[in-house]
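Have a look at these structures, which come just after this line.
Next, two complexes with chain A in common: one pairs it with chain B, the other with chain C.
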Partner chain A sequence: MSALYEVDNVSLDLAAPAAGLQRLLPGVAPRMTILSNLSLSVGQGEMLGLVGESGSGKSTLARAMMGLVDITSGSLRFEGQPVKTRSDFVKVRQGAALMFQDAVASLSPRRKVAAQVVEPFQINGVPLPEGPSTATAMLERVGLSPALAQRYPHELSGGQARRVSVARALALNPKLVIADEPTAGLDVSVQAEILNLMTGLRRDLGLSFLIITHNLAVVRHVTDRVAVLYLGRMAEWGPTRAVFSHPYHPYTKSLIAAEPQADPRKRRANLALKGEIPSVLARPPGCEFHTRCPIARPCCAAEEPAPRMITPDRMVRCHFAAETEQRISGGRHGTELEH
Partner chain B sequence: MASRSRNVWRALMAEPLGVMGGVIVLSFVVMALFAPWIAPYDPLKIDVMHKFSGPSLAHWAGTDQLGRDLLSRIIYGARTALGVAMTATGVAGLAGILLGLIAGYGPRWLDSLLILCFDSMTSLPMIMFALAVITVLGPSTGTLILVIILVSIPGYARFIRAQTLSLVRSDFILAEKAMNASHWRVILLHLLPNVVGQLLVVLSMDIPVVIMLEAGLSYLSLGVKPPTPSWGNILYDGYVSLRQSPGMVIVAGIPLILATLGFTFLGEALRDALDPRLQLRTLT
Partner chain C sequence: MSETLLKVDDLSIAYASEQGALQALRHASLEARAGEAIGIVGESGCGKSTLASAMINLLASNARVTSGGVIFGGRDILSVSGEEKRRLRGRHIAMIFQDPMTSFNPVLTIGEQLVDFQDQREGLSKGEKRAEAAAMLKRVGIPDPERCLSRFVHELSGGMRQRAAIAAALLMTPEVLVADEPTTALDVTMEAQIIHLLRELRRDYNGAIVIVTHHLGLVGELCDRVYVMYAGEVVEEGSTEEVYHNPRHPYTQALIACDPAHLHDHAPVLPTIPGRLPDLVTPPMGCSFAGRCARATGHCRSVAPAHVEVSPRHFARCHFAQRNEARS
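Moving on, here comes the complex of A and B:
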């Protein structure tokens, strides 16, 4: 599987909200690190899940990939071409589409749906493929009634707005769709419809998806690979099934353990995380997870763990990933990976 | 767009106060436009024999200290009032939209520079500023309009800037950029329609303020030069001759009050009608 979008060693700093005189001294103004040495690649036709708590930098990464925020260091490559300048991003935005977390808010409030779904064509100077009926055809493609074309965004339900944003994302036949929380705020039945729509599109059109979510059930059901983000750094990534059945990083373990389980026999030890994700302004030294880690040792506060490849397709960034694996899942040898 | 303006119209008509405001404003506009046909007398014709006459069949609103017909002067005064108010708010509104969009959407240094200008402008006491400009340029209707425009721009620009700032970081603007939309497209198609509706309301509510301002400055002999009829001039004449003819102040005050109410009602109804989010109730 060749890489479609590669994010290599990307960091992103923003000026922290400075008070008073600090603002006048650019050298002194505190910076906050939102993303730090992050690497990720989305393969052709792949569905990649990106999970992590609120504030871990998931949406910022998506925006950086579309050129909506500038990265501080590192490099981006789309279809093998480096993406640096504004004109590079013009190409990225023609070949990739971003779906926002709040679908209603991502539509212009005073324009009708019909005018908005055809915007990608107008902006990028592409003739409307089906002339005046393009808008209704696009809506039908995502299972919406053509009558919705004459509505304003606030007259749509959450699920309808989501479908409209899918329709708009698909306009230019992109190769990659970045979906930020595609199921947030939807009923479970509507969530399933949206996910089915997306997996169907991937099957029919060979689209790649980067699905950003904190809904692990979504990740488990639709993605091929999953990447776990913590405080702007990659904690772990690998094939979804392997990561779920066999998490290495203590953070991944806690996330999976925190997922509600219907079957009491499958319920795991309580590994629930204590406290909140630390502020980006007070990033913990060493391993950024050590403040909440159940297995942290003194060296975790001093030394940053290096990315370690457990197998060629699995990465984990933890000093003690291998050891703790045995200790925590000691009693459950039946769930070994099926290779 | 046609159905959109129909919806706005319907929403406007559903508001009883809006209808009332519309009728009042419309009658003033008709009065101003067709003053020569409506006014029973020449507003400048002096008839000293009949000065300070109270309301009669010949002079419905009486006459002033020079025997000029007050009703005719009021009707011609509407011309001055609306002419000054609409020109001034119109030009100031357009300039405010332009400057506000530049400040809100443009680079930060430009924003700071413009805000500095607005602040220094606002910090001048209005009457003092008006006095200074009028001293330099001499009192005339044109000077009056210029003063009102200069004084009003900062408020409108700040209003548009604040709205723009709250919108530029919103998802739908980011979504436009993620589709390669140009700055012009973002500004014209997505920012402007979302800020202009609110400003229209502010403008329509400011028109009575400007009418009052015109009357006030004319009253202070800084605005429209007599003998040109203006509500402010009539009010001044009425004040001077309050003892001989107390009715004059009332006659000049009534159109001021009516115009203020009419434009305010219309503005409020317009605000509700222009927002598609508030239209649900009229659509069903």
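Moving on, here comes the complex of A and C:
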């Protein structure tokens, strides 16, 4: 599979909110690291899931890929072409579309659906492909009745608003759709409809999707690969099925274990991961996860783990991934651990 | 079987709307028992929030009770007067809302509010009330309660906010605790922590917990009994074990089938429930799910099914509920 969008070693810093008069002082302003040496690629026709808790940097990465925030270092490539300047991003925004997190809030409350779905054409100066019936044709493509074109966003249900976002994202025939929490807040049956719509579009149009979510069940069923983010760093990535059946990183394991089971027979005594995701202002030294990690050892606080390729398609960043690997394959406990 | 603390008896509620009376809740009955956690599940528009607000007597001003009532302590709490209503609320029946950000006043500290919530308590000084508040925050797992008391709600993380909201609800040791979507606004790890906390509370506390949610996983992890709602009616009820493993109503079956957490393999096409909710201004004469049910017959469309007991304490409102049994 050739890469459509490549994110290579990207870091993103922002100025930390300085307290009071401190911000008036000359000198280097304190920075906070939102994304740190992140690499990721979305293949042609691939459905990639990006998971992590709130504050892990998922949405920031999506915004950086669309040029809505500037990266500090690293490089982005879309269809093999480096993306650096403003005009590069204009091209990216024609070939890739972002579906924002809150579908209702991302629509203007004062304009009808018809006017809003054709906005991408107007913004990019593209003539409407089907003239005045473009809006209704676009709505039909995502399974909405043409009558909805004359409604205002507040008259739509959550699922309908989500479909309107999909219609808008598809306007310019993008190759990649980045969907930020596409099913948050939807009922389960509507959630399934939206996911089916996306998988259908991928099948019929060969679209690639980057699905950003904290809902593991969504990722498990529709994506080919999954990447797990923790505090702006990649903890693990690999084929979805393999990651779910044999997670290497203790964070991935905890996330999978924390998922509530819709089955009272599978109740477990303790499913909670300790503590909360630390603030980016107080990023733990060494491995970011050591403050909550059930298997942390002293070296985790001191040394940052390097990315390790367990197999050509699986990466994990953990000092003890080798040990986990042995445990999974049924091998003997390693006493000497590789770092 | 333990004592029934709160009973919803044949309750129907209609909202005045431009199109006419919207029958949001139709003849719903349920029981919350001491030491038991019950779950009310269903999708948007099924009437679960109306039922929850009736349980704490917080119905909207355009709501009208058209039949039945909510019995607590031997009387119908929906018919008590203003002052008494306030006394019941918080002290005997408390609620945890979906969005903990809006359950606190943004311009008062958490401590000031937790002291205020105890105003019905006699003979306690302000200092003692503050100490009570700190103890409760500690109980719900807030690491530094004193510091939390002097903070504002926006300074807390989502998980901490929800813990503080649970502490606020438990301050007056209510007999019934109603939680409306308590984990929807949270990440999966925070959700697991809140589930864990609610489980612990359930163990120590002899009240009844009512969880209102669209999330089958939450009920699966937490509740003893579940009530499945559709179009304003309770369509199935029973022990969580029974309902999840032997669902008798086609809606419950469909709901379980389309929950992605339920599927264990990669599924290219997820099951959905085609069709939409019936119009509740003129609810259907027959079964309210008939329009979306694959097994519906003419009989289903014209005659409303009874709530039949398919096995002990397991009821389903379906003409085929019994026949299902014969088949399985």
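By definition in this document, the second predicted complex is superposed on the first by the 309 of 339 C-alpha atoms of A that agree within 3 Å, B and C clash if a C-alpha of one lies under 4 Å from a C-alpha of the other, contacts with A are read in each partner's own complex, and residues count from 1 in each chain.
As a working rule, contacts are C-beta pairs under 8 Å (C-beta built on N, C-alpha and C of every residue); 3 or more make two chains touch, one makes a residue touch a chain.
Values in this document were obtained by computation on a predicted structure and should not be read as measured data.
J.: Quick check on the superposed pair: does A:Pro264 touch chain B, chain C, both, or neither? Answer first, second, both or neither.
T.: The second partner, chain C, only.
J.: Based on the superposed arrangement, let me know which partner A:Asn196 touches: chain B (first), chain C (second), both, or neither?
T.: second
J.: First (chain B), second (chain C), both or neither: which does A:Pro109 touch?
T.: In the superposition, A:Pro109 contacts chain B only.
J.: In the superposed arrangement, which partner chain does A:Gln94 touch: chain B (first), chain C (second), both, or neither?
T.: first
J.: Touch test for A:Thr85: chain B only (first), chain C only (second), both, or neither?
T.: neither
J.: Which partner does A:Pro120 reach: the first (chain B), the second (chain C), both, or neither?
T.: first
J.: In the overlay, answer first, second, both or neither for which of chain B and chain C A:Arg63 touches.
T.: So A:Arg63 only meets chain B here.
J.: Using the superposition described at the top, determine whether chain B or chain C touches more residues of chain A.
T.: Partner touching more chain A residues in the overlay: C.
J.: If we count contacts the way the header does, which residues on chain A are in touch with chain C in the complex?
T.: Per the touch definition, chain A meets chain C at residues 53-54, 157-158, 185, 187-193, 195-196, 199, 214-218, 220-222, 240-241, 254-255, 257-267, 270-273, 276-277.
J.: Using the touch definition up top, name the residues of chain B that touch chain A in the complex.
T.: 170-172, 174-182, 185, 189-190, 193-194, 197, 276-277, 280
J.: Enumerate the contact residues on chain C facing chain A in the complex.
T.: Listed in rising order, the residues of chain C that touch chain A are 43-44, 157-160, 184, 187-193, 195-196, 214-221, 240-241, 244-245, 254-256, 258-263, 266-273.
J.: Tell me, which parts of chain A touch chain B in their complex?
T.: 63, 66, 68, 90, 93-94, 97-98, 100-102, 105-111, 119-120, 123-124, 152, 154-155, 168
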